[in-house]
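Pasting in a structure now, in structure tokens, and then I'll have a few things to ask.
Per-chain numbering from 1; labels A, B, C, D, E and F assigned in written order.
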Amino acid sequence: MMEDYVPTLLTATPLEGRQLALKLARKTVAAIQPDAEVRQRLRPAYAEDTAQLMLAAQVAAIEFQTIAAANDYWRGQD
Amino acid sequence: MMEDYVPTLLTATPLEGRQLALKLARKTVAAIQPDAEVRQRLRPAYAEDTAQLMLAAQVAAIEFQTIAAANDYWRGQD
Amino acid sequence: MMEDYVPTLLTATPLEGRQLALKLARKTVAAIQPDAEVRQRLRPAYAEDTAQLMLAAQVAAIEFQTIAAANDYWRGQD
Amino acid sequence: MMEDYVPTLLTATPLEGRQLALKLARKTVAAIQPDAEVRQRLRPAYAEDTAQLMLAAQVAAIEFQTIAAANDYWRGQD
Amino acid sequence: MMEDYVPTLLTATPLEGRQLALKLARKTVAAIQPDAEVRQRLRPAYAEDTAQLMLAAQVAAIEFQTIAAANDYWRGQD
Amino acid sequence: MMEDYVPTLLTATPLEGRQLALKLARKTVAAIQPDAEVRQRLRPAYAEDTAQLMLAAQVAAIEFQTIAAANDYWRGQD
């Protein structure tokens, strides 16, 4: 059975929303490249490549946009 | 007749929404490059290229954004 | 007179929405590069280039996002 | 005085919306590179480069998304 | 004190919205690369590079999408 | 304990929204590449590369789009 890594999009705070966005991005890469060893081997290739760090930040920004809308931008929490 | 790979955007859970997003992305690539053998031959080219894995993750993030809105962010499910 | 290739954004099903998204993307490329022979000659350049296949899938994902919103995500159809 | 190339985002049809999207994209490039001769000289560089044609199609897709929302997806027109 | 270059997202017309979008994009680049001389030196690198002109047009299209929504697409102005 | 760098998406002004957008983008890169020395060493690589400056501006534009929606585009502030 596939691990349910996203039972809900609702989080208590924006920070948790940021963490969920990064998690969703990582899980997508894992779904496309399931071999954890390959992913680990590839890590230096992007962790020290600013253009790729920015591509990763774009993915996180798009995922966060979705999560923030799901949580009505945590407006109620203030 | 073309296979109807997306009879609906509605899914029971966010996880199914993630899976549908990846499926939509894959089906688009297949619509542009219909030759399954070519797609299989090309797989190593991106499965071990972090920049391309990130481009794929961007596509999935945009498709998921659409699917999440369609499902009203699965708010009702909690 | 220019062919009206998009009389409406409304489609009966999500699948038709996907097809319209690809059509809109293709028509944009044709509007920028009107020479069909050039476009045909260029096809192998991207049809076997995974990075470009992903760029094309991004365009389709953005166009589909618009079409899905136009159709209220085909919620009524279930 | 600067030419008002976008007095309104409202168009009669989706096709006109597509044309406005391309116009907005072109006008942005012209605002960044005002020299029409340079732009004309640069045209072959992207008109026969599929990756750049896709980048242009992405810009048009984002602009069209805005225009379609402005026109409430031309729902009323049917 | 930092210059408040965006006291409001509201503009009288879509054209002013386009200009604000370009301004926001430029100010972001300036925030990341504060040295005006460096930015000026770098200008030819992108002003004659069609791929980079398209990346800039994408940034402007995303910023404009935000500004257009803020102004309810200037619907009231007609 | 992780620093809560985004207790809320609500800001008093659009300018603060721009600053938060850049902060979110930077924090994402830091979450992916936690080594501050590496990030500092990599800075020249993108601070003088216009294509990467534009990628960074795209991330900021997407984050700002989310923040602006969260603040209802600061409409009330006028």
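What we mean here is this: a residue touches a chain if its C-beta (ideal position, glycine included) is under 8 Å from a C-beta of that chain, and two chains touch if they have at least 3 such contacts.
Just so you know, these numbers come straight off a predicted model, no measurement behind them.
Separation of chain A from chain E in touch steps, taking the shortest path, is 2. Ranking every chain by how far its Cα centroid lies from the centroid of chain A, the top place goes to D. A rotation of 60° superposes the C-alpha trace of chain C on that of chain D, rounded to the nearest 5. At the far end from chain E, in terms of centres built from Cα atoms, lies B. Look at where the CA atoms of chain D average out and do the same for chain E: the two points lie 16 Å apart.
Chain geometry summary: the mean Cα position of chain B and that of chain E are 31 Å apart.
Centroids of chain A and chain C (each the mean of its C-alpha atoms) stand 27 Å apart. Among the residues of chain C, those touching two or more other chains are numbered 46, 51, 55-56, 58, 62, 65, 69. Taken together, the touching pairs link the chains into one ring where each has two partners. Each chain touches its two ring neighbours, and walking from chain C in the direction of chain D yields C, D, E, F, A, B. In the complex of the two chains, the chain D residues touching chain C come out as 13-15, 18, 22, 46-48, 50-51, 53-58, 60-62, 64-65, 68-69, 73-75, 77-78.
If you check the complex, the residues on chain A that touch chain B are 2, 4-10, 24-25, 27-29, 31-33, 38, 42, 45-46, 49, 51-52, 55-56, 58-59, 62-63, 65-66, 69-70.
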